[in-house]
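A, B, C and D are the chain letters, set down in written order, and residue numbers restart from 1 in every chain.
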Amino acid sequence: MQPLGKHIWAIAEGYIPSTSHGPAPELTSHEAACLLNCADTPAKANLMIYFTDREPAGPYEVEIPARRTLHLRFNDLEDPEPIPRDTPYACVLRSDQPIVVQHTRLDSRQAENALMTTIAYSEG
Amino acid sequence: MQPLGKHIWAIAEGYIPSTSHGPAPELTSHEAACLLNCADTPAKANLMIYFTDREPAGPYEVEIPARRTLHLRFNDLEDPEPIPRDTPYACVLRSDQPIVVQHTRLDSRQAENALMTTIAYSEG
Amino acid sequence: MQPLGKHIWAIAEGYIPSTSHGPAPELTSHEAACLLNCADTPAKANLMIYFTDREPAGPYEVEIPARRTLHLRFNDLEDPEPIPRDTPYACVLRSDQPIVVQHTRLDSRQAENALMTTIAYSEG
Amino acid sequence: MQPLGKHIWAIAEGYIPSTSHGPAPELTSHEAACLLNCADTPAKANLMIYFTDREPAGPYEVEIPARRTLHLRFNDLEDPEPIPRDTPYACVLRSDQPIVVQHTRLDSRQAENALMTTIAYSEG
């Protein structure tokens, strides 16, 4: 299958709520970058995380295997450092081959969860 | 009416919750690809479904009649195999003529439903 | 101010829930096409509504004055015919000068409202 | 880091609910433009706010420092005038260097919050 997508992706609205209602992990408040690699070779990507009042964190390195999707929770990023909760951030992802990126947040701070999603901004 | 849209579309964030609250089918937790064919000839499209840890499923074949919209629920796909619930997936749709694709999820796992939508990623 | 936007816009996911909770009109279940005309001349646009199993309805004609936004509720369209409730539809909007279109639904069928939005698909 | 994004961005669906449930400020009903500046120099941007029935307000001036994100709440804009609540509006942002803009609303008028987001419309 031929590659599909772009090399550079950005999400400007990042925020992981620190509290949750409902069973974990599926209803834990979280933010995800859903990555799709349609190609027949693995894609290597790195993420940089931008903040309001400090220098960026990263790079965070991820690999998306050939013909696979990876629904990456920002909650789970640990290396080089975890993403702080209740803190505005943004994300730029650069991949060595075209992929597709969609951003989603599930917010379960209150009793009933809220959802939002968008295809991320892409270039190149 | 002249065709409108693109030939290739991708949704990276797929997930069908297995539980629901409220009357079926309208408030059943579901995920949909809403397809619009403005042209005066039917569009033939096929979907491939990508997973985290197995080879893709498909192709799933759908036809959108001339001057019609088809709000396709992923819940209803059966051939060649149903989409598993509570499982991250992604989708690539290829059409033989331009169409427009919008992705929506209604999540009614908790008492009050949540909604999200985005125009899918397009090429060609 | 110079024009901004595109001439042709599409929304594939249309659906107006027939029931609501909460005070009207602000919390009535509704679907809107939010139209922005930055130019110094009025924009004339027409909408065609597509269905699953019948020929399209329209054209519906709207005008967006110079330097104004129009948050058009599909619920309010009457001429040439109202949009049926609880019925999947899609929409194509064509404008005589560039505008920007964003799609939103507020669903208050259950006690707590749900929201979704996306910039519509654009061409030309 | 090289710049990423576009110079002109538009949000057509603006609306700040006047009421809220839950702790302030994080669960106050609000609308945000999340701005990301990946470049090594600050970005200067101005916003114009469009209404249904009056001339636009603005310009509102903001600066996004180098390698930072700014999650700008429309609720907080004061100069030259606050944005009225419960009133449809739209927004055009022009920046002197490329940035990325994502639009989000949190609506907590009812007991459980609702969320929506989209990458804004971009040009140039």
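Basically, a contact is a pair of C-beta atoms (placed from the backbone, for glycine too) under 8 Å apart; a residue touches a chain by one contact, two chains touch by 3 or more.
Here the structure is a predicted model, which is why all the values come from computation and not from measurement.
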Maximum centroid distance from chain A, chain identifier (CA atoms): C
Would you kindly state whether over half or under half of the residue numbers at the chain C/chain D interface are used by both copies, giving same or different? different
Inter-chain centre distance, chain A versus chain C - centres from mean C-alpha coordinates, in Å: 30
Chain A and chain B have mean C-alpha positions lying a whole-number Å distance apart equal to 21
Which residue numbers or ranges of chain A touch two or more of the other chains? 111-112, 114-119
Chain A partner contacts - residues on chain B that touch it in the complex: 8, 10-15, 17, 48, 50-53, 55-56, 86, 88-90, 92, 103, 105, 107, 109-112, 114-121, 123
In their shared complex, at which residues does chain B touch chain C? 1, 4-5, 22, 26-27, 32, 34-36, 38, 67-71, 100-102, 104, 106, 111-119, 122
Chain B residues touching chain D - in the complex, by the definition given at the top: 112, 114, 116, 118
